[in-house]
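Chain naming follows the written order as A, B, C and D, and within any one chain the residues start at number 1.
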Amino acid sequence: MEHSYRLVIACPDQVGIVAKVSAFIAEQGGSLLEANYHTDPVSGQFFMRNEISAQSLSVSFDAFKQQFQVIAEAHQMSWYMRDSNQRRQVVLLASHASHCLADLLHRWRSGDLHCDVPCVISNHENLRSMVEWHDIPFHYVPMAKEPEAKAAGFAEIDRLIQFYQADTIVLARYMQILPPDLCARYPRQVINIHHSFLPSFIGANPYQKAFDRGVKLIGATCHYVTDDLDEGPILEQDVARVGHKHDRDDMVRLGKDVEARVLAQGLRYHLEDRVIVDGNKTVIFD
Amino acid sequence: MEHSYRLVIACPDQVGIVAKVSAFIAEQGGSLLEANYHTDPVSGQFFMRNEISAQSLSVSFDAFKQQFQVIAEAHQMSWYMRDSNQRRQVVLLASHASHCLADLLHRWRSGDLHCDVPCVISNHENLRSMVEWHDIPFHYVPMAKEPEAKAAGFAEIDRLIQFYQADTIVLARYMQILPPDLCARYPRQVINIHHSFLPSFIGANPYQKAFDRGVKLIGATCHYVTDDLDEGPILEQDVARVGHKHDRDDMVRLGKDVEARVLAQGLRYHLEDRVIVDGNKTVIFD
Amino acid sequence: MEHSYRLVIACPDQVGIVAKVSAFIAEQGGSLLEANYHTDPVSGQFFMRNEISAQSLSVSFDAFKQQFQVIAEAHQMSWYMRDSNQRRQVVLLASHASHCLADLLHRWRSGDLHCDVPCVISNHENLRSMVEWHDIPFHYVPMAKEPEAKAAGFAEIDRLIQFYQADTIVLARYMQILPPDLCARYPRQVINIHHSFLPSFIGANPYQKAFDRGVKLIGATCHYVTDDLDEGPILEQDVARVGHKHDRDDMVRLGKDVEARVLAQGLRYHLEDRVIVDGNKTVIFD
Amino acid sequence: MEHSYRLVIACPDQVGIVAKVSAFIAEQGGSLLEANYHTDPVSGQFFMRNEISAQSLSVSFDAFKQQFQVIAEAHQMSWYMRDSNQRRQVVLLASHASHCLADLLHRWRSGDLHCDVPCVISNHENLRSMVEWHDIPFHYVPMAKEPEAKAAGFAEIDRLIQFYQADTIVLARYMQILPPDLCARYPRQVINIHHSFLPSFIGANPYQKAFDRGVKLIGATCHYVTDDLDEGPILEQDVARVGHKHDRDDMVRLGKDVEARVLAQGLRYHLEDRVIVDGNKTVIFD
C-alpha cells in the first residue's frame, strides 16, 4: 500500500465544492490516488473521500491540515485527515466462539488488515492460548448475571479500552450487550457482527429463528453499535444458501464463514476510512 | 424432458420405507430417473419423491396407483402421483408492473415452463396487449376500494379460477391482498412473489423500507400464500447487492430481476412436484 | 432520470487534472450528479466521468463543449460529452434463440433501457412476430454458408446499420461471426454476449465443453467485439451454479438467465457512458 | 454428527438396483439418515450413497460388509463402506502462503472438519510455529531446483505420507508440481486448490493473467490431482467480483478468501464420502 493521506469530508452540497477541494489539494502538489463523492438526495449532504499520495505533497501533513481548515470553515465541513501509516488501535472482544477472532487475527498477522491489535478481551478463557500465540495480551473479564458484577465487568473493559488507547472496538461474536453509556462514549467506533441478515431475526438465537421460519438464505450483518440493539448503521451484509437438509447446527456452521467474511470486510472499510455515517445509514466508498 | 410419473409421499418415518417403495416400483418395471428423501428431524415425518420413467412401467398409470394404495394405507401415507405430460393449469394474476408476467410468459412460450396458462387476470388494462399477443385470454377484474366492490372482484376471480379449472394461481406482483376464504379454498396452490427478503420488510413498500434502513442487499421471496400475510411457506429467495448510490427507484429496478428470477424458480419447483409443505416450511427436492 | 450531460475523458495522468476539470465545470455553474476517476497503474492513463446536471449549467451544451476544447487540447485528452436525452440508436441482431432479445425488448419497453431500437435483424424468421408486436421493424437477412452469400448478408446488415444511423450494435445471441472489416468499422460499438465465462470455452458449444469438463459453475461474458474472436474488452460477467444432475440442456436453460442478465448489464453500462476502453480492458464507472 | 456407516456404490444402471440395496439395508435394521442416487446419462453408470445410522444396525459393520459383498458381486459394483468414526488421516502440504493452511487448521481444531491431521509438510520454514501451536508435527522438506534434489524431496514426502498412513493429501497452496509417479500412487487422494476458475488460466500466475485479461470475476477451483496439470476432476469452484480498481495484488488478496473457502468445501465433500469420480468429472452428493 502506498503511503497516503485520507481527507474525508461531509458538508452541505453546493456547486463547485469538488473543484474547491481538488484545487486546494493540487496547489499543495497532491496527487490523487483515489477520490469519491456522494450527495445524499434526501438530506442534501455532500460526502467526499480523497486519498492523496503522501510523497506528492509539497507541504507537511500538519501544514496541509492547518490551511485546509480555512476551506472547511467556509463550507461548514465536518472533516478529518488521516495518515495511512498511523495504524488504528483495534481492541477485539470475543466470547467462546473462535471463528471471527481467528479470522481477524490471521488477516492481521498476514498484513491484510492494516491496524494494531493492542489486546483481546473475553468473558471466557478458552481463546487465551490462540491470542497469546500471536503475542497479543489477553484479558479475561468475566461477566456475571448480577447487574453490579456486570457493571464492574464493563467498567474494566472501558478501562482497558482507554489504557490501550483503542480507537476501534470490534465485537467478534462477543455475546454480551454493551451498556448504553459505553455505546455513547464510543460512537461509530464499536463494530459488531450480527449473525443474521438484519433486519430479519433481531436479538438472540437468529439461526434457530431462521430454521423455524424455513428461509432459503441465512446471512450476517456488520454494523456500528448504537444503544438501539441491532439497529445501528450497516457496514456490510452477505448471505449463504441453505435448504431443508440443514438443521440449526448446519446453519451455525455455514453462518460462521459468512460472519467472518462480513466482519472482516466491514472492519476493512472502517480502517481504510471508507465509511461515512449518514444518519442511520452508511456511505461506503469502496 | 422424458415422460415420467412423479410419486410424492409424506408419512411417519420408519425403517425400510425406502426399500418398500422402491421395491414396489421395481416390481412394476419402474426405472428411477430421480429419487430423493428427507426426514424432518423435529416432526419425524418422512418425505419422498420418485421420478419414474413412464415407458419403463409394465402396468398402467391407474393400475400402478391402485396397487400402490395398499402400501400407502399400511404406512399412513399422504401421497399423489402425477403424469409429467398432464400439464398444470396456471392462472396468472398481475397488476400494473409487467416484469414478472413478461418473464413467466416468455419462459412458458419458450417451453421452459411446462404448464398451460389458461388466462391472465389483472386489475389494470395495461398488460392486455402483451397477454393477448401470446394468445392467452386476458380478464380485467377491477378492484375498487369499497369492501363490497372488492368482494365482488374476488368472487369474479374465484369464478374464473374454477371456470378455467386452474390448479395453480400465481400472484405475479398482484398488488391486492387475497381474502382469507380464497386463500383457504386453494391451499398450497397460490404462489406469491414478495419484493423483500422475508421476514424483513413484511407488508407494503419494502423497497422504501430497505432504503430507509440502509441495507446492503435487497431480496425477493417466493412463498405459498396462507391467510397470514407474507408468512406462508417459503419456496425460494435470492438477493442483489445495493449501496449508497442506489435510491428507492434503483432498488425497485434492481429488484425486478431478482423478483422475476425467484418467482420463476419457485414456480418451477412447484410444477415439477419438487415441493412438499412440512408445517410452515418446505422440503424442496431440487 | 435527471437530465444530464456526461463528460467522459481519457488523458495522461498529471497532478491537478481533477481540479482543472471540476473547476471548469463549476465555472459554468455545473452541479455534479456523479463523478468518478481512475488511473491505470500500468499505462499511467487517467480516466474521468462527470455527470453534470443539465439545468444547472449557465451555458449551452455547445458552448460548454467549445470552451472545454481548450482544456482538452492542453492536456491531450480524448473526450466526448453526451446529452442524456440524446438517445442511442441500438440495432439488435438475433438468431433463433429468443431469451436475450425478449429480455432487452422488455427492458426497453418498460423504460429501463434508455435507448431507441430502430430495428431488429435476424437470420431467422421465428422472432418476427415478437419484434413487430413491439412496433419495431424486423429485417430478415439470411446467412448462407457460401462465402459470397454470407458476404452479401453482412453487406446488407452494414447497409441497415447505416440506414438506421445505429451507433450501437448488440449481438443478442446472434450465432454468426462478424467479418473483420465490419468489426473494424464499428470499434467499441458492437456488444456481444458469449455463453461462457471467458476465457474458458472460447468458440462454439461452450455448454457442451462445460459439461464435458465437469465445471461447477457456468457463466456468461458480455464484451466488445474485436476481430479477435471472444477476445475483446470485457464489460460484464456472471455465473450460475451447476452440478452432476445438470446435463448440457439444463446448462443451456440455466445459462439463458445469466446471459440475459449479463448482456443487459453490459449494455446499460455502455448506454450510460460508464465504460472506457483501456487497451483490451474496460474501466467501468458503476 | 450421528455415528453412521456410509455405503458408496458405483455400478452399471439397472431396474431395481435401489430397491435391492435399500431392502438389504432394511433387512439389517438399517435406518437411512441420507440416501442419494445418480445415473450418468452418457456412461449409464449408476452411483449411490447411503448414510446408515450405525446404532440402528442389527449386525456388525464387518458382518454387514461381508453379506453385502454377495449383492455387490451380482451387480458388478465398485463399492466401499466407511465408519464415520474412523477419521481420515489428512496430510497437509503448504509453501509460503498461510491462508489455506490457517483456515483448514482452524476448522479442524473447531471440530468442523472431521479428520486427523498427522503432520504438515512444507518447503518453507515460516509456517512451523503456527502448525506446532496446533500440536501437529511440522516437516520441512526443501525443494531445490535441481532434478535430483527435487526427486529426493518428493521421495521424502512419499515416505512421510506412508509413515503417517495418510489416506488424503491436501495441497494447501503448495507451489510445487507433484511428479507423475506420486500422483499415480495416490489416485483420488490428492486434493489441490488452484487459484483460478478452471479451465481459465491454467498453470502459473493466474491472477496476473486474470488482471491482464480484464475479467470481472476471479475464481478458485478445488480438484483431484492427476498427472495432467490442472485437469483433474473438479470438486468445487467459486468466484469473487473484481473491477478496474483492483490490481494484481488486490486480486491475490481477494482470491485468498475464495481459495480457502473452496478448498475447505471440496475437502469436506471428500471427508464425508460425498464424492464419486465419474471419468474426469465428479458426482457430489451434497
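We take it that contacts are C-beta pairs under 8 Å (C-beta built on N, C-alpha and C of every residue); 3 or more make two chains touch, one makes a residue touch a chain.
Because the structure is predicted, anything quoted here is derived from the model rather than measured.
Between B-C and C-D, more C-beta contact pairs join the chains of C-D. Distance from chain D peaks, on a Cα-centroid basis, for C. Chain B and chain C have centres, each the mean of its CA atoms, that are 36 Å apart. Centroid to centroid, with C-alpha atoms defining each point, chain C and chain D lie 41 Å apart.
Counting partner chains per residue, chain C has residues 34, 245 touching two or more of them.
Contacts from chain D toward chain A in the complex involve residues 34, 98-99, 102-103, 106, 109-110, 112, 129-130, 133, 245, 253, 256-257, 261.
Residue ranges on chain D touching chain B, taken from their complex, read 15-16, 18-20, 22-23, 25-26, 29-37, 39, 56. On the side of chain D, the complex with chain C involves touching residues 38, 40-41, 197-201, 213-217, 219, 233-239, 243-245, 247, 278, 280-284, 286.
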